[in-house]
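Have a look at these structures, which come just after this line.
What follows is a pair of complexes built around chain A, which joins chain B in one and chain C in the other.
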Partner chain A sequence: MNLLRSRLVQAALILIVSYLIFQFAIRPPAPFSVLSLYMGIVLLAVLVYVSSDSDSWRAFLRPMHATLVDPGKRALRLALMIVIPLLLGYYAYTQAAAKPQAPPELRAVHPAPPDTIQFRGKDFKIAGGDNPLRKDAAAIPKHVAAGGEIYVRNCMYCHGDNLDGKGHFAHGFNPPPANFQDPGTIAMLQEAFLFWRIAKGGPGLPKEATPWNSVMPAWEDRLTEEQIWQVIMYLYDATGQQPRRWETAHGAH
Partner chain B sequence: MARTSAGRATRRAHLLRCLLGPLPAAYSEYAAVGPSSAPRIWTLLVALFRARVGLHALGVSLIIGVVFAPSEGSAQAGDANAGKAVYERKCAMCHGVKGDGKGAGAELLDPKPRDFTSGVYKIRTTANKTPSDQDLFRIITAGMPGTSMPPWDVLPEKERWNLVAYIKTFAADKFKEAPKKLELPKEVSSSEASIKRGKEMYEAIECHKCHGNLGRADGPSRPELKDDWGHPIAPANLTKRWTFRGGASRTEIATRIANGVLGTPMPSFIDSVEKPEDVWHLTNYILSLGPESPAYATLVTVNGTTDAIPDDPNAEFWKKAAPNTIPLMGQVIVDPRNFNPIIDLVIVRGAYNDKEIAFHLTWDDPSQTTAEGRADAPGAAKKIAADAIALQFPSKIVPGTERPYFLMGDATDSVYLLRWEGGKAGEVSASGPTKLKTLEGGEVVSKTVYENGQYRVVIKRPLAGKGEERPTFQPSTFVPVAFQAWDGGAGETGTRMSLTSWYYLRLEPPQSNRRFVVPPVVALLTLVAMLLVVRAASRGRGR
Partner chain C sequence: MVGAGLVLAGVALLVTALPAFAQEAAREPAYRNFPWIGSRLAVWAVAQLHLNFAAFILGVPIFAVIIEIIGWRTRDPRYDWLSHEFVKLTFAAFSTTALLGALLLFLFVGYYPKFWTYMTSIFFPTYWVYALLFFAETFTVYLWYYGWDWLSGSRKWIHVSLGVLSNLFGTAILFLANSWVTFMVSPAGVDESGALKGGVWAAINNYAWMPINIHRLIANIVFGGTIAAAYAAFRFLGARTDEERARYDWMGYIGNFVALSAFIVLPFAGYYLGREIYAFNQTMGITMMGGFMSWLWIIQAILIGVLFIGSNYYLWLGMERIPGSERYRKYVPPMLIILAIGFMVWATPRSMVVTLDEARAMGGTHHPILGFLGVMSAKNTAVNLMILTTFLSFVLYRRANRVSQKPWVKTGMAVQWAVIALAAVIVTFYGVYGYFVESLVRIGFSVYQVVAVLAAIVIVMAIDIPMFKGARSTGVIRWGTIAPRSQYVLIILAVTFTWLMGLMGFARSGIRQHWHVYGVLRDTSAEAVTPALGYAANVISVVTLVFFALVMFIFWLGGLSEKGKAGAHGHVAPAIAGGSEDHG
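And now, the complex of A and B:
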């Protein structure tokens, strides 16, 4: 295949194939900023590859140069001269006519937890902390049942009957309530992290997590320490997720 | 025959949409990226590419859709024993382990969860009191809009049929009588004449007694309505079709009119209408009362004008202004909480000129109440307060994303409330939901209209804010805004309110012609640049 030997075609193919891989083979999908970073790196690599020696570089440039000057490619040249300005003009139109969008709200979804918090006037260890109610395995079903009742009377309105973040009030709030069925939420967090989030709610978030806009109440005003641990146990039980453990280096001391 | 050709036409329309759809979608995608720092051309390429890939995906799904049409719809015999396990995990929290509607969550819910031991079901497509299995399956699958029953389509179909079998066991004797299918009269399509006839029937069979003259659930009987269990029950707001318990399709609405909603004051009307097909005229009238679904805004736009802004909420000016529909939710952070808010949306329109800014708010409230009490029943024994609504802004509008706490600010950052209460607007500074301070000496004016269960209010103030506690509005900036509302007639006051978190509001300068000037310039410049490149390249070769 002569076409495949062409440096330009090769470069284009590499770009397309890597784009397809980044876009469709990575799960969960990478955000746009990461994608463009990867593609930038690939583009650089391709440029290094085609310019590795001067023959290759000339071969890469030849088809482009030919399009610009060859008398035989006049029709193509003309077509490009019409199509590209039109495309850019249309692009400019969509930009100029675009309705303003609300500015994006960048926020840290799972901000780093503090080492300790104040819970109803006493120091409470978060980093490395574990759920004390799990020690007595026989009592776990009782705690889960109690947690379920707390959930349905307090949390369900936003986080949903099915714990999927689709409660009564979910569609009215931004940021949306957490979806506990999503493996990206409680499954990658420690129980003590959840304790912090439940106890301190939106107002207890650090600035990078936009505390002014989270509608999550600070439940320390309403629930006891035991009740918070119980509702945490219910979340894991009802979704079938496992809490993340603290790294051993942390848990050792 | 007609049916197949109609089917083919819709399929063709669908195909066409699939083929043509992705391209504009691609453009809007990169347009949405907007003024970000991402390289725009790259965005364009990616978007175009995605559109093409999307096209293939759509094509494939189209084929799959045709070959493996979903088999849902045909009733299956469920296994009640298997259903019990699912029930106890997913349903018992509200409906109770015994099926009596007394689960742990029931207390706070309104409407209450169904008591399965009664065997009474609201939504039936049957002519007698027994719902069909298909009816029960549909409710489990689609949920009941406007209530706490969510759609359980996340459960496998088999499990939903098992649930149907299980919940029937709570009142087995009620299912002894076989369901008898309700035959609806021949369908009448919508037309002006049909809607007119529907409106006549609406009055003739006294729908307005509960549902109100324009369907806004404000009829005079509303306060006395109770369900079979003695709980107060609100009539449906017919202008909000998306909250209809049994679905909002033509057939579903006609069925509700024909056989009623069991266990509620909504009776069967198939024998009360003059002719059976009046059921369809009524349906067409109801469908004409409101939109199919609310188009919720993500940004509140306030348009600039060079004219004076009218105070009258019914002025033609406001009918032309673009509506921004905002959903309101219950306040469940501070005691007393409000799990079942009455006001669920407000439509906001805005305008400004070089001197003042005005907001036009529209919301449904079934009873007008002022500080003195209910307008229609003075001295009513029920605990009531004045109806109220508020627009909330930061006391000081600063650049950046940081804002006061959305729930009326806190001790460190206060908010400014443009607050209307019982017919009069004023200004309030708040540093917490219970820490309110009325601001004196403002220049706020307002005008209120209350008609057929709906408030329309215009609130106006100068663009520039006097003093530290009033924000100044500037064109082309994003201003944080939030909303709160109280139905005083339902006892909502203080922290018992509906609210939103922060939105953005933008004062849009009067439409400029920039969008017609910039694109040709861009195209021309590109062409010139390309010509220069070609010329440079041919010179280079000539050398």
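And now, the complex of A and C:
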């Protein structure tokens, strides 16, 4: 019990338990980049915890101080002098050694769309553009049904029959196909943004979305403008998501 | 201070000569190249330095005058001394700000003549107003500073009025300069060719103007507070006597208190600004939040997390010098846990840096569970709970050495806890509910969250102030006995805030991408490319270092005048050790 009262042991325990939680309780496993971020924050919090009053801080430092100067701890001191550099060296090696795996990469998840695009030779406004098929409310079910058919014929193989990005081919691709059920994808975007992504596909990604390795085809060669709007309507309808809208009050500014 | 006068004269001359420059510019090249580092870097560095100094000299007088008023009404000379001390810092930085402003103007005129000619064609009338306001501001601050002894006693109200007036002039200057900057981001009042359609007011009152005005005004107070606190920390660490330590401990505490009070509302102002930028142009909004600038917000989250934890840590360390505060130590671990979890949520990226194997295991770059923490619903909830926790820290600090004597104290405290809990429940409820509604509705939820937190702050304070009026003291605050590591925290807070300001300035400016004036005047120079985040962070780090080197030099210069004068000066510091009980 006495050992548990030691501030140093408490700090070490908090770090170990936090690491075990982050490493094993999160499924699928959190990427290393996020794990290190979380551990960095826990380390900061632990240091604040042990040093937020002077008694605690002294108690935290005492065993370290004793290890450094106490004549009776010579053996431990020597062991640490060997073990710590070795651990650091091992860490440096793991970081510097060449791995067969490609290095981690970062993609801009929602690259900014251009203001206008060329769609089959005509200018097409993306910024602030609306889905023209929504004007006639009575025809919406018809368009959604047509969109469903287009989806099954063209999109399902990658994006999945549940629209969750787990289609037949999905496992072969990096980056994987978008998961439309995720509230962070189409629910965050306007329909015009989707139009741009569907029409221009992977080849039409802007520079900021490097490394441009999305295999999404540019559907403008295969689908008409109406078909693209229809499939967009289907995506929202089938997932129960709403396209992003913008406040209209600002229009008068 | 002769320097400032010279700069003013130079600026005035330049302003009168601007039409001639404008004519000349028509025959000039659009750009010239600044030697060695290039024009953009030169303008960037000088603009950022100018902004840092300007934020300091505009922010500090706001709370300096409030402190002076407190001293005047309570007849407590410590506050008058402190206010004078703060204005002294401002005064020392005044001419450097003006010099950097003039340098920035020279760089624009010399290296970006096409851009400057265009800006002049829109904003020329405002240059005159700016120059006049600058004169008025300078002389009012001079009078405020030099007239401290002269306008004391029965004439103190005149002196306080001068302080208020200098703040009004300062704020007007800030608003005017903001109109130029925000016009570049969200131009208004111009036709397709970029020519002014009607009056200049339409160009001034553009989309981002008022949000930036509010955001910068609040941020300036935070910045001024942190720099003043860092100055106090610097003096504390170098102090030779207990009395000096006590004085600068107190000054650091007030500086940090000011910064923290304003910092609590700063995220709301920032959110409003971001929202207006989205409303102006969604491409710009997406570039900023979801596009290539999105990782900037992860860095921002880390820095703001450091600011939150640092500020709370300082308060907890400060409680050690208050007898009776031991009662509240047990609240530190739970508060720290909330702050740490909030920090993690805020710093969790939506799109993660992953290896191929990790992406496969996760089924994409979005983690199926952690991905939920990457969107605004989670982040707003986290930041609101962190603000609430920081407020709680402050409330506990405030009552650390006081025991209320009111008969209704139990009820009062119960209501306070209930209000805080209710605010936390509202914030969490709307945070979770936000996942089930469309984005337009979700954005509206953030307002409910903010209102819940602000209402809780107001209600808790409205109960706290009468509840602890005439409270029994458990001992006086032992100013100067705070652990020295707390002073390093104050310095870290100032550096972090300065760095953050530079980074956010890069976001504000960088979202224009290859435009000088977004969608109106294109940047056709060789340096039109928007720099990568790593490069920008390096530039801002160097600028931050230069800023602190200059600040230390200026403060050192300011300190020189004190040497050998102690006792002779009218503002010799009053004794503070032992402090009063009622300014927690």
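Going forward, the second predicted complex is superposed on the first by the 142 of 253 C-alpha atoms of A that agree within 3 Å, B and C clash if a C-alpha of one lies under 4 Å from a C-alpha of the other, contacts with A are read in each partner's own complex, and residues count from 1 in each chain.
Basically, contacts are C-beta pairs under 8 Å (C-beta built on N, C-alpha and C of every residue); 3 or more make two chains touch, one makes a residue touch a chain.
Worth saying up front: this structure is predicted, and the values here are computed from it rather than measured.
Q: Is A:179 touching the first partner chain B, the second partner chain C, both, or neither of them?
A: After superposing on A, A:179 lies in contact with chain C but is clear of chain B.
Q: Can A:93 be said to touch chain B (first), chain C (second), both, or neither?
A: Once the two structures are laid over each other on A, A:93 reaches chain B alone.
Q: Please work out whether A:103 is in contact with chain B alone, chain C alone, both, or neither, and reply first, second, both or neither.
A: So A:103 meets both chain B and chain C here.
Q: With both complexes superposed on chain A, which partner does A:244 reach: first (chain B), second (chain C), both or neither?
A: Second partner only, chain C.
Q: Which partner chains sit in contact with A:77 here, chain B, chain C, both or neither? Use first/second/both/neither.
A: First partner only.
Q: Applying the touch criterion given at the start, work out whether A:51 contacts chain B, chain C, both or neither, answering first, second, both or neither.
A: Once the two structures are laid over each other on A, A:51 reaches chain C alone.
Q: Have a look at where A:2 lands relative to chain B and chain C in the superposition and call it first, second, both or neither.
A: neither
Q: Quick check for you: in the superposed arrangement, does A:166 touch first (chain B), second (chain C), both or neither?
A: Both: A:166 reaches chain B and chain C.
Q: Under the contact definition given at the top, report the residues of chain A touching chain B in one complex and chain C in the other.
A: Of chain A, residues 32-33, 101-106, 166, 171, 174 contact chain B in one complex and chain C in the other.
Q: What residues of chain A sit close enough to touch chain C in their complex?
A: Per the touch definition, chain A meets chain C at residues 26-34, 37-38, 41-42, 44-45, 48-49, 51-54, 57, 101-115, 126-128, 165-166, 171, 174-176, 178-179, 182-185, 187-188, 190, 193, 208, 241-247, 250, 253.
Q: Where on chain C does chain A make contact in their complex?
A: 188, 207, 278-284, 286-287, 289-292, 294-295, 302, 305-306, 309, 313, 316-317, 319-320, 329, 332-333, 336-337, 339-340, 343-344, 347-372, 374-375, 435, 437-440, 483, 485
Q: Under the touch definition given earlier, write down the residues of chain A that touch chain B in their complex.
A: Against chain B, chain A makes touches at 19, 23-24, 32-33, 35-36, 39, 65, 68-69, 77, 80-81, 84-106, 148-149, 151-154, 156-158, 160-162, 164, 166, 168-169, 171-174, 202-203, 207, 210-215, 217, 238.
Q: Would you tell me which residues of chain B are touching chain A in their complex?
A: 27, 30-34, 36, 38-42, 44, 46, 49-50, 53, 89-90, 93-94, 103-105, 107-108, 148, 150, 152, 154, 296, 298-299, 301, 327-330, 332-333, 339, 401-407, 410, 413, 478, 500-504, 506, 508, 514-515, 518-524, 526-527, 530-531, 533-534, 537-538, 541
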